[in-house]
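Common to both upcoming complexes is chain A, partnered first by chain B, then by chain C.
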Partner chain A sequence: MPIWEFLETYGTRLASGTLVTCAQFVLSAVIAVVIALLAGLGKLSRNRLIRAISVVYIELFRGTSLLVQLYWIFFVLPLLGITLPKFVAGFVSVGLNVGSYGAELVRGAIQSVPKGQWEAAYALSMSPAKRMRRIILPQAVVIMLPPWGNLLIELLKGTALVALISVTDLMFQARQINASTFLSAQAFGTALVLYYILARFLITPFMRWLERVMARRLGRA
Partner chain B sequence: MSFHWRWDFTWEILPRLMWATVNTLIAAGAGYAIALVLGLILALAQRTGWKPLTLAVREFVEFIRSTPLVLQIFFVFYVGPQFGIRLSPWMSGMIAIGLHYSAYLSEVYRAGIDAVPRGQWEVCRALNMSVRNTYARIIIPQALPPSIAGMGNYLVGIFKDTPMLSVIGVAELMHTANAIGSESYRFLEPYTLVGLIYLAISLPTAGLVRLFEGWVRRKLGL
Partner chain C sequence: MDMSAYPLELPEDDRPMVRFMNVTKRYGQLVVLDSLDLDVAEGEMVTVIGPSGSGKTTVLRMLMTLETINGGVIYVDGKPLTHMEKGGVLVPADERHLRRMRSAIGMCFQHFNLFPHMTALQNCMEGPVQVLGLSKQEARQRSEELLTLVGMIDKKDQHPSRLSGGQQQRVAIARALAMRPKVMLFDEVTSALDPEVIGEVTNVIRKLVNEHNLTMLMVTHQMGFAKDISDRICFFFGGRIEEQGPPGQLFGNPQRDRTRQFLSAVKEAD
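The block that comes next holds the complex of A and B.
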């Protein structure tokens, strides 16, 4: 079957799958960013308990596979009384997984803000919270945005795994089409190209734009 | 189904999971070996100075890096038969995972080679060394130590990505855990054990990589 005919027949299914993938991407990105900030700051906290929780979370999620985490959250958590619908289980596990990598980026960026900035804020007798919010974090964000761009692409790739707990994303639709038609090259090939377009022509330019905006807001453009 | 941890069941399934762990390690090792070689080829192909080749390889690397591994595994596994090439799950799994990580490793190599000071290249030219000698004796030994951290990260990465091979039926850890789960209707023990086995291997490996990096630096007198 030529490719245009294939796209005419299955285009709508692939498009709906792409929408689900985008939704999963956005939701898990939100979770990843929030939890990365919490765990990254937690790892720098002076409170021993908070630091321990952050370290355990980071090592636990960085030390095991996303697929293991996904299956654990989807199949084992219900046994402990927490049942998540598959769509939620999908973006929660991807978000938690990527968040653990992001936490290290946050920690590294905060630590690489020059020491003088900390001292100046201290000399102006800012409270620790205000110092973090007004002085340190804005500069740390500029430092960590480029690696976050790579991490978000990893996150997009991670969302493909939610198809394995039958969330109807792009990967899932490609598999379904393949199973019913055996047009493997067309089905999987189109899905590969769609993922590539999302990563290369949406996420990467968006992050570049964000980097420029943040640099300008700090007066560094 | 219950949330009570059953120790007798744990001991019963542990040997099976251990065997599967061996398979996982073989898969990760073989995939990594392919990635190391292929990555070097991809990195050197970008340095030939012939523009179309450089651009094509760059785009290829970008493509591999920004599409999901699990989709690539399916692609390799199912597209072959459509054109009359039959690959076993193991073969297609190794090809897909090796190819995926070769793209990442080529970037590590590239950064390592770029970090070698220009003067080193110029000296080689001044001493009239052949291209092969330049790379083998001067550039690559110096490019290696800064690359080891990145190479080690991807070794752990490839290990953590082997569960994806279960989708085409490679009998590694995840696949075995799924099988145990569907035979016994108990998911708590197998999935938790798989997670623990991954932790028990990947955390020490990350530490070993750091030690190895220091050792190579000392060996090369850097």
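The block that comes next holds the complex of A and C.
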């Protein structure tokens, strides 16, 4: 079957899958950013308990497979009394997994804000919380944006795994089409191109734009 | 020395703005400052000079509580800075005590350390608004007055990246003054500057000395400047004050060999 005919027949299914992928991406990105911030700050906390919780989270989710985590959250948590709908289990798993990598980006960026900035804030008698929020974090964000762009592309590609718990995302639709038609090249070829377009023409330009906005806030651009 | 030997508060008739009492600072085995005793009177301008590694910057950083001390007590305005009273004796100060006490002290750094994500004016307003709790309007008025004092009012809406080193340092001085400190510390504030802009910073400090009754401690390599504006010069060597006195005496007629050697080495380098 020629590709234009394939697209005509299965285009709507692939489009609806793409929408689900986008939704998974946005929701898991929000979780990843929030939890990365919490765990990254937590790892630098002076409170030992908070530090320990952050380290355990980071090690657990960074050190084990995303697919296994996904199966745990979808298949094992119900045995412990926590049942999540598959859509929720999908983006929660991906968000928690990527958040553990993000936490290290947050920690690294905070630590690479020049020592003089900490000292200047200290010399103004700022409380540690204000110093972090008003002085250190705004500068750390600028430092960590480029690696976050990378991580978000990883995250997008990671969402393809949610197809394995039957979330009807782009990968799920491609697999379904393949299973019923054996048009493997067309099905997975289109999925490949669509993932690339999302990464290259949506995520990358958005991150570039964010970097420019942040640079302007530092008066650099 | 036993902690009970240190008074909880300095007596009314013997209350310099700053007193280092038997202060020791070590990094591991290395003794940076060895039982330092130093008083700075209210309104006095004291300049600390000495070879690198002599502990002179450490003196300022301890006073800003950026460094902890290993022995002795520092008093500011008669009250212990590094310690606080607990059950009638002095114990090492906690975070809150330090924060409350150090608001009496302002510091300017060698590398300015302006906040890059804020304009000159925002840099000056940050402390008054966030720490002192002033309204934006009050803080703005105070900051604009100070930016005028340092000659930077026409650049108030610029970010630090758009300012020269000399301009950044003048904003940094205004930022420190906006907290209305009783003591100002200048840590090699001209060392990172191009020679042609050093004058604009030293002129601001000169103005502060002449027109304001601030207590100031300065570390500098600008001997001519130090001689001009200081009430007293302290020459540090090996973690101790080797010699101190009025600038005329210390520069004109140094008593100690090490002082003479240092001064002649500095003169040659000029």
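FYI, the second predicted complex is superposed on the first by the 221 of 221 C-alpha atoms of A that agree within 3 Å, B and C clash if a C-alpha of one lies under 4 Å from a C-alpha of the other, contacts with A are read in each partner's own complex, and residues count from 1 in each chain.
Here, a contact is a pair of C-beta atoms (placed from the backbone, for glycine too) under 8 Å apart; a residue touches a chain by one contact, two chains touch by 3 or more.
Just so we're clear, the structure is a prediction, and the values are computed from it rather than from any experiment.
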*Where does A:V68 make contact in the superposed view: on chain B (first), on chain C (second), on both, or on neither?*
first
*First (chain B), second (chain C), both or neither touched by A:Y122*: second
*Who does A:F182 touch here: chain B (first), chain C (second), both, or neither?*
first
*For A:K130, decide between first (touching chain B), second (touching chain C), both and neither.*
second
*asked:* Per the contact definition in the header, classify A:P2: touching chain B only (first), chain C only (second), both, or neither.
replied: neither
*asked:* As a test of reading the superposition: which chain, chain B or chain C, is in touch with more residues of chain A?
replied: B
*Using the touch definition from the top, say if A:P85 reaches chain B (first), chain C (second), both or neither.*
neither
*Please give the residue numbers of chain A that touch chain B in the complex, ascending.*
59-60, 63-69, 71-72, 75-76, 79-81, 153, 156-161, 163-164, 171, 174-175, 178, 182-185, 188-189, 191-192, 195-196, 199-200
*Which residues, counting only chain C, touch chain A once they are in their complex?*
64, 66, 95, 99-100, 102-103, 105-107, 109, 111-117, 119, 126-127, 130-131, 158-162, 172, 175-176, 179
*Along chain A, where are the residues that touch chain C in the complex?*
114, 116-117, 119-128, 130, 134-135, 138-139, 142, 217-220
*asked:* Quick check on the complex: what are the chain B residues that touch chain A?
replied: 1-3, 62-63, 65-72, 74-75, 78-79, 81-83, 160-164, 166-167, 174, 177-178, 181, 187-188, 191-192, 194-195, 198-199, 202-203
